[in-house]
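Have a look at the structure that comes next, please.
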Amino acid sequence: MISWDFALIQIILGVLMILSAAIAVKLRDLLAAVIAMAGFSLLLSLEFYVLQAPDVAMAEAAIGAGLVTAIYALAIKYTRRMEVEE
Amino acid sequence: MINWEIVVQNFPFLVVGILMAIGVYTVTMKRNLIKIVIGVEIIESAVNLFLITLGYVEGAYAPIYTMAPKAAENNMVLPTPQALTLTAIVIGLAVTALMLALAINIYRHYGSLDVRVARRLRE
Amino acid sequence: MRKGVAITIFFVFLALMCYLALQLHPFGEPPNKDMDQYFIDHAQEEVSANNVVTSIVFDYRGFDTLGEATVLFTAVAGTVAVLRSFRFKDKLAVKKLILMDKDMSVIVRTISNILAPIILTFGLYIILHGHLTPGGGFQGGAVIATGIALLIVANAPSKVKRMISKDLLNAAESLGALGFLGMAFLGLFSATFFFNAIANSGFLFGDKTPLGINYGNLNTGGTLPYMNIFVGIKVLAGLGAIVLVLYLLAKGGEEE
Amino acid sequence: MMDISQHYPALIIAIPLFAAFLCPLFKERIKALATLAILALLATLIFVVLLAGQVYTSVAPITYTYGSSSPGLTLPSGYHVPVRIIFEIDGLSILMALITVILALVGAIYAYSSIKDESGKGKFFALLLLLTVGALGMVLTGDIFNLFVFLEISSIAGAALVAYYNYRGEANEAAFKYITVSSVGGVLVLFAIGILYSEYDLLNIAALGNAISTTGLSTLDLFALALFVGAFAMKAGTFPMHMWLPDAYGEAPAAVNPPLIASTQASLYALLRVTYIMYGGAVFNYTTLGWVLIVLGVFSMIFGVLMALKQNDIKRFIGYTAVSQVGYMLVPFGVGLSTIGDDVAFGTYGITALQAGLFHMINDAIYMGMLFMVVGCVYHATGKRNMEELGGLARNMPLTAIFFMIGGAAVSGVPPFNGFASKIMIYESIYNFHPLLSIIAIVVSIITLGAYVKAFQGIFLGPKLKEFENVEEAPTSMLVSIAVLAALVIVFGLMPSLVVKTIIAPAANALVNPYGYYAGVLGGV
C-alpha cells in the first residue's frame, strides 16, 4: 500500500542526487565539481521540502548551496583548479 | 527473494546507502584534498537525508501550526529529526570550513593538493 | 591493484548499506512515535510557539543548540587561527597566494548592491518569525551571511578591508554567543538552565498562543524570539567572518 | 529561590563556555587571557569537586534535566519517556570530568609561558577552553545526540589547535588527518544514532538501554553497535586507525596535549558507556565483543611500541607510546566485558580488570600529559625536536630531566610510580583470563622502558653540545604545571589502594550495573 506517484518523485529526486554526487566526485575540474555539489545541495533541499521539512530545506539551501559553495570557490581560487596526479 | 515493493518503498533509504558508499569511496580513495572534503560533505549530507527520511510519515504535514491546512491537525511528520538535522547541517558547515582552511595552508607549504606529495609525516 | 581494492571496498560497503536499508522500517511508517508525539501535542501549550521544530531546537533540546552555536564559534575561531598570517619557517615549496586586487564588473556589483538589501530584509523576516513559520536564527543568519558574502566577493580586497571590519564581526559574534548563553542563564534563576522563563508570562513575546491551527501571533514564543535574534547575529557575524578571512587571505599571508 | 547546589552540572559546562566566548575580545593580551582561562577552569574544578561529593553519596546517578521546571524531573509529568536533554552523572562520569578539568587547568597554566611569542592568543585560549567543554560535555551527558554534538566540538577545537603552529607544514597536515578521521567517525556515530532513533524514537541513553534490554537485540541494534564501536575506537586512536594520533599529538603545542589526551579518552569513555551501559542490559554474547576489544588492544600495544622505537622526533616518539598505552586500557576493558556474563569469573578477576583499566586510563592521562609538556620544554628551550640533534641537556635543564625520568618510569611501569600501580593490576587480572595476554603486556612494558632509557640518554645525557651552552631551564609556569602532574604521578603510585577505593571503584561499579542506571534515571520504569 504505497502511493506510486510519491514513490516516483522519490525515485527521480534520489537518482538525480546520486548522479550529481557521482559527477562531483568524478570531475577533474574542481570548480565544476563544486558547482555539481551546489546542485546536489539544491536537490537535497528540494527533497527535504518534499519530505515536509521546510525548516531544514531552508537551512540546506542557504548553507549548502550558498555559503559552502562560496567558501569552496575561494579555496579553489587560492589553490589549483584542476585535480592533477603528481 | 527480494520484495520489490519494499525496494520501491524504501528507495530513499537506498539512496542514503548509495550516497554513503560514494562518500566513503571518495574519502578513502581520492588523493586531492578538496575532493576529500567533498567526500566528507557527501557523507554528511547522506546522514542528514537519513535522519529526515526516518521522520517522514506517509501523507503527513510539516510540524508547523501556523496557517496549516485543516488536515494537518494530529497528522504531522516527526519533528525531532528535523531539529537534529539542523544541528548536523551547521556542524557539517563548520567541518567543511576548517578542512578547506587547512587545505589552503597545506597548499601554501607544499605547493600541491595531492596527499602523496603533502606527506612529510611518514611512519 | 589499488583500483581493485577501491572497487571491492565500494561494493562491500554498498551491499551492507542496501541490506540495512531493507532491514529498516517501511519508509513513511515509523514504528514508534513516543517522544515526537509529546512534542507535537505539548509544544504550543508549553513553549507557546507554533513551529514545533523551533520549539524543539530552542526549548526541549535547547542545550544541543548551544552546542551547535559553540561548534560554529569553534569553527570560526579555528579558521581564523589557522589562516592567521605567519612567516614560513621552512622554504621547501612555498606558494604565494595570489588574488587580484580588482572589483568585479559593474554589472555584478550593481546586481549585488541591489540584491543585498533584499536578502537582508528576507533574512531578518526569517529570524523574527522563526517561532511561527519555517526558519529561525540559523537559517536567517545564514541567508544574511550569503548577502554579506555577495557584497564581499563583488568588491576588491582593499576596498572590502576598509568597508567591513573583522574586529566588528568578531565582537558581534561574541556578543551573539554571550546573549544566547545569557538567555539560557535566565532560566537558571527560575528553574533550570534553558528553562523557558518568558513563555506565557505576559512579558514581551510572552503571550499565550491559541491552541491548534491558527494564524500566528508574533508576540508569542517566550525566550525563542530572543534566542533567534542572538543566534542570528552570531551566525551572520561568524559566517561573514569566515568568508572575509578567506577573501582577505592573500594580503596577510604573503610576508616572508 | 534558586538553590545553587542543584545546578552544578549546568555550571560546569556554562562557566568555561562563557570564558571561551569572552576570549576573542581580549585579542593578544596574554595576562588577561591566561587569568580568565585559569580562573574559569578553577571555578569549574570547584564545581566538579562539589558535584563529586553529591555523586559519591547518592545511590542513583545525579540527573539534571535541561529546560524542565525542576532539575530532577527526568520524565515530563504523566509521560513515560524522557523528552528533554538530561545530564546523567555517575561515578565514571565524575572521574572523567575530574581528570579532564585538571588536565585543562595544567595546560592553561603551561600555555601562559609557552604561547607568549605566538600570535592569535585570544583564539588559542578560546579553543583550549572549547576543547575542554567538548570533553566535559561528552562525559557528563546522558543524551546520545548531545554526546555527538560535544564530540564534534572537541574534534573541531582539537584540529584547530593541532594546526596552531600554522607555519609548520606538518602541523597543517596532521590537523587535516585528524579532522578527516574524527569527522568521518562523528558522522558514523550520527548514523548509528539515526538507526537507534528509527527503532525506539528515543535519544536518552538510559531510556535506549532500557528499551533495548526489554525488546531484545535486533539486527539493527547490532549494526548500530558495530558503528559505535568502530567510530569511537577510531577516535580513541586504536589500531588500525591509530595513524592520526602520533601526528596530532606530535604537532600540537605542548600546552594543548593534556586536554587533547582528555578528549581522546572521552571517546574511550563513550565506548565504555555504549558497550557496558547502553547495550549492557541486552543479553547477547559479550565474549565476542570483549575479544574484539582485546585484539584491537593487543595490536595497538605492539604496533605502538615498535613504531616508537623507530622515531627520531621526540614528540612523535611519545605519541607512538601513547598508542601503545591505549592498548593497555582496551585489553582489560575487553576482559571485563568478556567475563560479564559469568558471575564467578567476573567476581574473581573481571571486576579487577575493569578497575585496572579505569585506573590506567587516569594514570595514562596524567603521565602522558606530563611527558608531552616536558618535551615541550625541551623544544621551547632549544628549538630542536630531533633526538639526534639533542644531547647533554641534563646540566642546563636539571628539573626537566628529572621530570622526564619520572614520566618515562611511570609509562614503563616502574615502581613506585602510578603506571606500575595500575599495570600490576592489569597483569594479574588478565593473567587469570589468558596468560598470553599478560605476557605480551609485560614484554611491551619492558620494550617501552628500553625505548625511554634510550630517549633519555639521547636528549639529556652525553657530551654537552656547543650550541646548547646557553640553554636555560624552562620558565616557572611551565615547570609548575609539570610539577602538579608529577605530584599526582607519585601520589597515585604511593597509595594506589586508597585511590582505587575512593574514585575508581565507584566508577567500575557504575559500569557493571546498567539496570541500576536505567532505574536511577527513569525512576524505576
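By letter and in written order, the chains are A, B, C and D; residue numbering begins at 1 in each of them.
In this text, contacts are C-beta pairs under 8 Å (C-beta built on N, C-alpha and C of every residue); 3 or more make two chains touch, one makes a residue touch a chain.
Remember, predicted model here, so these are calculated numbers, not experimental data.
Interface comparison, B-D versus B-C: the higher count of C-beta contacts falls to B-C. One simple way to say how far apart two chains are is to compare their mean CA positions; for chain B and chain D this gives 28 Å.
Per-chain CA centroids place chain B at a distance of 17 Å from chain C. Chain centres here are Cα means. That of chain A falls 37 Å from that of chain D. A separation of 19 Å divides the Cα centre of chain A from that of chain C.
The multi-chain contact residues of chain D, meaning those touching 2 or more other chains, are 145, 149, 152, 156, 159-160, 163, 166, 168-169, 172, 175, 198, 201, 203. For chain C, the set of residues touching two or more other chains reads 20, 24, 28, 30, 33, 35-36, 39, 51, 53, 61, 64, 67-68, 71, 74-75, 78-79, 82-83, 88, 90, 92, 97, 134, 138, 239, 242, 246, 249. Taken residue by residue, chain A touches two or more other chains at 2, 53-55, 59, 63, 67, 71, 75, 78, whereas all remaining positions touch fewer.
The chain pairs satisfying the stated touch condition come to A-B, A-C, B-C, B-D, C-D.
Against chain A, the residues of chain B that register as touching in their complex are 5, 8-9, 11-12, 14-15, 18-19, 22-23, 25-26, 30-32, 34-35, 37-39, 41-42, 45, 48-49, 52-53, 55-56, 58-64, 76-77, 81-82, 85-86, 89-90, 93, 96-97, 100-101, 103-104, 107, 112-114, 116-117. Residues of chain B that touch chain C in their complex: 2, 6-7, 9-14, 16-18, 20-21, 24-25, 28-29, 53-59, 62-70, 72-74, 76, 78-80, 82-84, 86-87, 90-91, 93-95, 97-98, 100-102, 104-105, 107-112. On the side of chain D, the complex with chain B involves touching residues 145, 149, 152, 156, 159-160, 163, 166, 168-170, 172-177, 179-180, 183-184, 186-187, 190-191, 194, 197-198, 201, 203, 243, 247, 250-251, 307, 310, 316. Residues 2-3, 7, 10-11, 14, 17-18, 21-22, 24-25, 30, 33-34, 37, 40-41, 44, 47-48, 51-56, 59-60, 63-64, 67-68, 71-72, 75-76, 78-80, 83-86 of chain A are the ones touching chain B in the complex. Within the complex, the chain C residues that touch chain D are 20, 23-25, 30-36, 38-39, 42, 59-64, 66-68, 70-71, 73-75, 77-90, 92, 170-171, 173-174, 177-178, 181, 184-185, 187-196.
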